[in-house]
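The letters A, B, C and D name the chains in turn, as written, and every chain counts its residues from 1.
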Amino acid sequence: MRTFEQYVEKLRGMRPNVYMGGKLVPRDDPAFMPGINTIGITYNLVNDPQYRDLVTATSHLTGETINRYNHIHQNTEDLLKKQKMTRLLCHKAGRCIQRCMGIDAMNALSVVTKDADLEHGTNYHERFLKFLHYFQENDLVANCAQTDVKGDRSLRPFEQQDPDQYLRVVEKRADGIVVRGAKAHNTIAPYTDEIIAVPTRAMTKNDTDYAVAFAIPADTEGLYLISVAHNQRRRKEFHAPIANAGAAHSITVFDNVFVPWERVFLCGETKQAGQLASLFATYHRHSYTGCKPAMTDILMGATALVAEYNGVEKASHVRDKLAEMITVAELVYAAGIAASVCGKRAASGTCVPDVVYTNVARYHAGVNIYHEFETLADIAGGLAATLPREEDFVNPETKGFLEKYIMRKADVPAEKVHRCYRLIENLISSEPGAASQISGIHGGGSPIMEKIAIRAMYDLESKKEIAKYLAGIVD
Amino acid sequence: MRTFEQYVEKLRGMRPNVYMGGKLVPRDDPAFMPGINTIGITYNLVNDPQYRDLVTATSHLTGETINRYNHIHQNTEDLLKKQKMTRLLCHKAGRCIQRCMGIDAMNALSVVTKDADLEHGTNYHERFLKFLHYFQENDLVANCAQTDVKGDRSLRPFEQQDPDQYLRVVEKRADGIVVRGAKAHNTIAPYTDEIIAVPTRAMTKNDTDYAVAFAIPADTEGLYLISVAHNQRRRKEFHAPIANAGAAHSITVFDNVFVPWERVFLCGETKQAGQLASLFATYHRHSYTGCKPAMTDILMGATALVAEYNGVEKASHVRDKLAEMITVAELVYAAGIAASVCGKRAASGTCVPDVVYTNVARYHAGVNIYHEFETLADIAGGLAATLPREEDFVNPETKGFLEKYIMRKADVPAEKVHRCYRLIENLISSEPGAASQISGIHGGGSPIMEKIAIRAMYDLESKKEIAKYLAGIVD
Amino acid sequence: MRTFEQYVEKLRGMRPNVYMGGKLVPRDDPAFMPGINTIGITYNLVNDPQYRDLVTATSHLTGETINRYNHIHQNTEDLLKKQKMTRLLCHKAGRCIQRCMGIDAMNALSVVTKDADLEHGTNYHERFLKFLHYFQENDLVANCAQTDVKGDRSLRPFEQQDPDQYLRVVEKRADGIVVRGAKAHNTIAPYTDEIIAVPTRAMTKNDTDYAVAFAIPADTEGLYLISVAHNQRRRKEFHAPIANAGAAHSITVFDNVFVPWERVFLCGETKQAGQLASLFATYHRHSYTGCKPAMTDILMGATALVAEYNGVEKASHVRDKLAEMITVAELVYAAGIAASVCGKRAASGTCVPDVVYTNVARYHAGVNIYHEFETLADIAGGLAATLPREEDFVNPETKGFLEKYIMRKADVPAEKVHRCYRLIENLISSEPGAASQISGIHGGGSPIMEKIAIRAMYDLESKKEIAKYLAGIVD
Amino acid sequence: MRTFEQYVEKLRGMRPNVYMGGKLVPRDDPAFMPGINTIGITYNLVNDPQYRDLVTATSHLTGETINRYNHIHQNTEDLLKKQKMTRLLCHKAGRCIQRCMGIDAMNALSVVTKDADLEHGTNYHERFLKFLHYFQENDLVANCAQTDVKGDRSLRPFEQQDPDQYLRVVEKRADGIVVRGAKAHNTIAPYTDEIIAVPTRAMTKNDTDYAVAFAIPADTEGLYLISVAHNQRRRKEFHAPIANAGAAHSITVFDNVFVPWERVFLCGETKQAGQLASLFATYHRHSYTGCKPAMTDILMGATALVAEYNGVEKASHVRDKLAEMITVAELVYAAGIAASVCGKRAASGTCVPDVVYTNVARYHAGVNIYHEFETLADIAGGLAATLPREEDFVNPETKGFLEKYIMRKADVPAEKVHRCYRLIENLISSEPGAASQISGIHGGGSPIMEKIAIRAMYDLESKKEIAKYLAGIVD
C-alpha cells in the first residue's frame, strides 16, 4: 500500500490541467491541500492498530492486503465494514472522507461488466479485472464522474440541441474511443489519480453513443478540470483538525479525450448503461448510510458540547433535540445495516446492498440534513455567526475583552468556549459549511432521485393485494 | 399445539369476571369475537404450509414444535423471524395481531429471572422455566399487564396518597403473595388464558412492595376485567376480512389477588423490576418493528388502490406520498432488522435486540402514524367519511343511485369501489380506526418514552469527544 | 327571525325524501337531532345579549335585523364579524357549526349573478335578490351542494361516459329547467330548508350544460337525500354539550328535478360557473379561518385540561406542544383577519375576502389538523381509547373500582377526570371524531386545492423579477 | 433628511473604536461598505417617487417629513406601512435592511419611558422626547444593543460570578451614570450613529443595577466595537446588486462608559426593564413580519427563476414547493397585518402591535427559514455549491467550456444562467448566506423565546373553560 507521501508525490508529477480562479494551478496548490489531507486520513490509518482491520481488506484477486477503499465487496460482512469504516473516518475528517467514490464505482463496474458480457458476449469484465489489479496494486484514488451537465432537462441525451451535453463517444478507433462532453460536481477530481466515467441515467436505444463507461488518468490529454475549493479559513494560532480538512470539486471537461480499449468498460450497451448508473448510485447511497450518520454525530457532538458549556444540557428542549438527532443518525445507519445484511451476490460474485433499504436510508438523511444544521444553530445561538475573527482573540487590545465576555460556566476556560464556537462557525456559518448542506441533499442523488428509485424497486402491487384481501375484493 | 376451537372452548369454561357496558359478560360475547378471531389467525396459520415455518419454532426446552408466539428467542435469526411473522400476520388481520404481548413478556422474564438469581441467589428462573414449559405445552395466550393506573403522575409509587395506584404486594404468605392495584390498557385481557403482570417503571429502594412480577390465569379470584371493545360495524351483505377482526381492552383490577410462589417471578428486587419494565418495553417495541410496517402496508395498499380506482395513481402528488409511506414502513422495518442482527444473548441464553435501534424504530413509527392516516384520508377524499351505510346499497330505492354515482373509471365495477371505500371507512373513519391511531402512538410506549430510552442508552459522550477532537479541545 | 322550534317544526312538515340505513326516515329522526341541535345554536344565541351583536346583522336589502348567517357582507367589518362569530359558535357546538354554507353560497351568488348580468345582459341578480329577500325574511338554513360525484377523475364533465357524473341541465322548458346528477358530502342536507347547487370546477366551452346554479327546497320532487349521520354515543347519565351536537351528510341525487326560472342563477355561462365554483370556495375557506381555530381551541383546551388533571401541565414538552397548537390557531385566524381587512367590494357591492390570505389560512389549517389530534392523543395517553363505557361507571360492581383507579391528583374528583376523558374520547376516539379529521382536511377544499388556488392567484412573476434584479439579469 | 453621502461623511469623522481581524479599522473600511450601502437604500429611496410615501412619515413631534425609520407609530396604519416598507426595502437589498432596529428601539422607549414616569414619577419620557427630536432632526441610524453576553445561562444577572456578564450601572454621578458590560450580536454597530442599550430580560428586585436603558454615540469613550463582517465575494466583472449589500456585527464592550442623565431612559426600574426587553422584542418581531416574507420572496424568486431556466418550472414537485414557500411568506405577512390592525395605543400614544399575532408570525418564520434554503438548494441542484469562480468565466482557456456546458434551454444565454447560479451561490452557498440562516432563527429572538412569549401572553384558561363546558364539568 502507498504512503500518504507517495500519493502526494505522484500528484505533483502529473500534467497540469487543473484550473481555478482564472489560472492553471498545480495539484498541490494550497487550496487543494485540505482536500488532499482528507484523503490522507485513509492512507495514514492503515498503520493505526485501532483502525487497521477496518481500513484494510484482503483482495479477492491477489490475496494481498489492500486498502478497503480499493476492495470489491465479497459478502455482507464487507458491506457492513465499509459502512462502519466510512462513519469512523468521517469523524476523523470532520466531514466527507471523499475516497468512497472509487470503491463505489469499482464495485458497480465489477457487476455490470460481468452482466454485459453475459448478455452481449463482450469481454469487459476481463478488462475491468486487469484495471482492478493495477488499481489495487498501486493503491490509487479515483473520482467517479457521473453527473452530466445535461443541458435542457426536458430532453433526452440524443435530443439535445448540443449533443455534447451528455458525455458521448465521438469516434471509435482501432485502439480506443474518443469522447466529448463534461461531467459536473466532481469532488476530489483535482487531487485524484484516476477518473472513472459512468453514465448518469437510463438510456434508450437512441442514446447508444452515450452508453459509455471508462477509466482514465486524471491528467489525460484533453481533460480540463475547472475547479473550486471549499476550505475553512486558515487558522494561525488556534489550530484544530476541523480546519485542516476540505474539499474541491471540478467541472471536468472531456475535450476529445482518447480512451484505449483496455480502459473502456461499456460502449453502446444502453441497458447496462442504465444499470451502471443505478448501481453506482446504490453503492454510493450505501456509503451515505455511513457518512451521513457521521455528519450527524459531528453536529450532535457539537450541539451537546455547546449545550454543556452553556449550562443548558439538561434543558428539556435540548435533550429533546439531541434525541431527534440521534434518531436520524441511527435510523439511517440501521437501514444501512439492513441493506448490508440483506445484500445479494451478483453474477460477478460482488455483493450488492439491498436497494430499497439503501434508498430509504439515503432519502431520510437527505431530507433531514438542513434540519440538523438548524438544530445546532438553534442551540448554539447567534454567536455561531457573530464570533469575531481569530486575530481579535490575539490582539492585546481586544483579547482581554473577548476572553472575559465569552465566558459561560466558571469552570470552562475561555479558550475552550472560543474553540467550541470556532468549530461551530466552521460547521454552520462558513462557505464550506453552507456547501456541505447542499452536498448533503444532492450527493449520491437528490431525495427526489431516491423516491424515484424506491417507487421503481418497490413491490407496491403486493400492498394493493393486501388491501383487496381485507376489503373482500376479488378480481 | 392447540386448535383455535380448543382455545375458544377453554375461554368458554373460564370463571366469568369480565364486565362491559355495565354488565358481567361471557368471554365469548359477540363483542369479543372479532378479537378472538384475530388471535385465531395465529392458531390457524400453523397448518398453512406457506406460514408454518414462520409461525412455529422448536422449543429450546423440549425440542418440540411450538407456536413461535410461545418461543424464547435463542439467536438473531429468531428475532428476525418474529419480526417478519408479526408483519405478515398483521396483514391477515388488517390490524394488530395482539398475541405478541405473550412472547414479549416471556422473553423479558426469561432474562430478568436469571439476572435476579445471579444477583440475589433466588430461584426465579427455575420457577419461570416450569411456567414456560406449561405455557408452551398448552399453547397459551397471555396478556402482559404492565401500565399501572399511576395516580398523581408527579409522585413515585410509594409517595401516592392511595398506595394502590401502582400494583403492589399487600401480604406475603407461606404459599404465596396477595396483590392489589390495577393495570390499564390491557388489550386481549378479556380473551386471554393468562395475565402476566410486570412493573411499569424504574423503582427506588422505597418502592419494594411495587417490585413484583407474576403470571396468573385470567379468571383468578379477585381479578375484575372491566372491558371495552373496538370493532367494526358488523357487515350483513358485503362481508370482508377487515370487518372480522377487532380488539378489546380492559382495566384489570387486582382486588387482593392471591398468587402462589411458583407463579411469582420478582418480589422486592427493585433493580430487576426496573430492568424488567425496560426489557419488556424493548421486546414489545421490537414487535412494533413488525406490526407498524404492516399497518403502513395496509394504509399504503388502500391508498394505492383507491388512487388506482379514482384514476389518479400516476399523479405526481400521489406517487410522492406513496413513496413517503414506503419510506416510513421500510425505515422502521430496516431498523428492526438492524436491532435483530445486532442482538446479544443474555446470561439466560435469550437473545435481546439492540435497544437503540429498537427504540429509534418504534419512535419513528409512533411519530408518523397520524400522518399515515392523513395521507390515506387525503388521497381517498371525503367519501371515506360520508359513505352511506351498507343497507342503502341494498335498499332497492337507493341502490341504483348509489351504484350509478359511486362509479369512477368505467372498468371498475361499483361494488369494487364501494368495497374499497368501505375498507377505508373502516380504517380511518370508524371508532376502531380512531382508537388505532391512539394505540399507534402509545402502544409499547409513547414517543416520549422512546426518546427517554434513547437518551439513556446512547453514548452521547463519545460524540462530544468527536467534537472536542475536531475543535482541538484537550481536557 | 325564526325560533329554533319554528325551524324544527318546518322540518317536520317537509316531504319525506331522506334515506338512511336502508330506510326512508323522517327529518327529525333521532340520528339527525344532534345535527339539528347544532344548527339550533345559531337560532338560540340571537337572544343572548352576549352574542346578539355578533349573530345578527342589518339586511342591506330591507334594513331589518337578520341572522348574520343570512347576511350579504357589505364591508370588511362584516367579514371580520362573520369570522369571529364562526369561531365563537363552534366553541358552543364543540364542532363545526354547519350553517356557514348558506351565507357562503349566498355571498358568492350575489357577486357572480351581478357579474354574469354585466357580461351577458341576463337578469340573474334580480332573481337572486328576490330569493335573498325570501331567504332573509324566513330566516332559512341552506345547504350548498357543490361537489359533484365526478366519475372518472381524468375526464372533464362533457367527456364522461355517463354524462350525469356532473350535475347538468337535461331539459330547458318555458317555466324552468330540469336537472340530473348527484352532489356528494352535503352536510346538513337532511335538516336544511334549501339546497343551493353551484358548480364544482372551472368549465370549458363544451361543458355548457354543466354550468348551472340554482336553489330549491330540500324536499323538492325528484330529490333523494341518501344520508349518514355521525353522532357521539348517547349519554345516559353523564350528560354534556359535546354529546348533544353532531352532523349528518348526504349524497344528494337530482333525479330529473324541475327548477323554476326564478330559482335559476346560472344556466350555460361557463366562465361564471368557474368563477362561482372558486368564489364559493373562497368564502367557505374564509369561514374556515373561524371554525378551524375554534376546533384547535377545543383540542387545545382539552389538552391543557387533561395535562392539568394529570399534573403534567408544567412539563416542558406539554408547554411546547400547547404553544404549537396556539401558533396554528392564531396563524390561521390572523390570516383570516388579513383576508378580511384586505377584502374588496365586487360590482354587486358584496365584500370579497383576499383570496391569497384566505387560501394560505385554510391550507395551513388543513395540513395541521391530524397533528392537532395527535397532540391531544399524545398528552392524554391511552385512556382516551380504552376508557370503559359510561355504564361501567354506574354499575355498582365496577363503579367503585373505576372511581378509585381513575384518580389523578388528590384534589380532582373522579367524576371530573372521567368527564374529561369522556370528552377526549368523543373528540378523538369516536366515529364522529375520526370523520372530523377527514372533513378537517377536505371541507371547503383539500390542501391540494388551496395550493392550486394559491399558485393561480399569486404574482410569482414579480418574485422572479426581484431575483433577476438582484442577479443583475436584464431581459 | 440626510443624504447617504452625509451619513457616510459623518461615519468617517467618528473616533476610531472599531476592531476587526486584529486591527483598529476605520468605519469606512471596505469590509463595512456593503453594510453601509445597505443602509444607504433607506436614504436613497426617500427621493424615489415610487417609495417616497412609504419611506417617509410626518413626525408627530414636529410635523416635519422624516424618514419612517425614525418615526413613532401613531396608529395601525403606521404599523402596516412600516411592515410593508420593510418588505419592499429588503427586496432592494437582497437581505435584511438593518435600519429597523432604530425604529423598534425608539418606539419601545417611547412607551416604556411614559409608563415608568406614570408609575415612578420620573421624567424619562421628557428626556426621551428630546432625544427623539434630535434623532429625527439629524436623521440618525441607531443600533439597538440588547443581548447581554449572559455568562452562565443558569444564573440570573445578580448571581453571576463576574457581575459584568450583564450590562450594569457601576457608578451614579451627578451628571450621569457609568456602565460596564458587553452586548453581543450588534448588527450595524460599526456603521451606526447611535447605540441604544436596552435590557435583555425580565429582572428581579435584586437586579436593580442591570435595569438600565440609554442611548450614546457609537464612538463614545470606553466603547469598543469588536466586529466581524459578512459580505459576498467581491465581483469583478459580473456586477450585481446582491453582491453590493452586506452586514457587520460587533460585540460591543462598555468599558466604564459614561452616559449623561439626559441620555438615560431607565435606571433601576426593574419592572419597566422587563417591559422594555419584551416590548423591543415585540416591535422587532413585528419588523420580521416584513423582512422574513421578503427573504422568502427572494428565495422563492430564485427558485422559480432557476426552475424556469432549467425547464422544470411546470414539474409538479417544483410547483408544490413554490406553493409552500408562498404559504410561509404570506402566513407570516398576514399575521403581521393582523398584528398591525389589532394594534393598541399605549399611554404615550404610541401604537403597539398585537403581541400574540406578532409572535406567532415571527415563530413561524423562524422555524421555516432553514427549510426555505433547503428548497432552493433542492431545486437548484449541486451547481449552487460547485460553480467555478467568476474568474474562470473570464479566463479564455476555460470561458468557452463553461459557457458551453452551463447552457440549459436553448433560448436562455449562458450569462443569464451563470448570473442566476451566482445569485444562488451568494444566497445559499456562501458565508453570508450561512450566517443569514442563523440570524433567520435568532434575530429578534429565537423560536423558543417566541414560544415563551406566546404562552405568557395567551389566555389558555379560557380554552380550558371551553373544554370544561363541553365536558359538562362544573368547578
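Points worth noting:
Heads up, the rule we're going with is that a residue touches a chain if its C-beta (ideal position, glycine included) is under 8 Å from a C-beta of that chain, and two chains touch if they have at least 3 such contacts.
Computed from a prediction, not measured in an experiment: that's the story for all the values here.
The chain with its Cα centroid farthest from the Cα centroid of chain B is D.
Counting C-beta pairs in contact across B-D and across A-B shows that the higher total falls to A-B.
Chain B and chain D have Cα centroids lying 52 Å from one another. Computed from the mean C-alpha positions, the centre of chain A lies at a distance of 38 Å from the centre of chain D. Once the centre of each chain is set as its mean CA position, chain A and chain B turn out to be 41 Å apart.
With touch defined as above, residues shared between interfaces to two or more other chains in chain B number as follows: 317, 320.
Chain D meets chain B in the complex at residues 315-317, 320.
The part of chain B that touches chain C in the complex is made up of residues 19-24, 147, 149, 151-154, 161-162, 164-165, 182, 184-185, 224, 226-228, 230, 249-251, 253, 255, 310-312, 317, 369-371, 373-374, 377-378, 381-389, 391-392, 394-395, 397-398, 401-402, 404-410, 428-431, 433-435, 437-439, 441-443, 446-448. By the touch criterion given at the top, residues 91, 94, 238-242, 297-298, 300-302, 304-305, 308, 319-320, 322-324, 326-327, 330-331, 333-335, 337-339, 341-342, 356-357, 360-361, 363-364, 416, 419-420, 422-423, 451, 454-455, 458, 460, 463-473 of chain C touch chain D in their complex.
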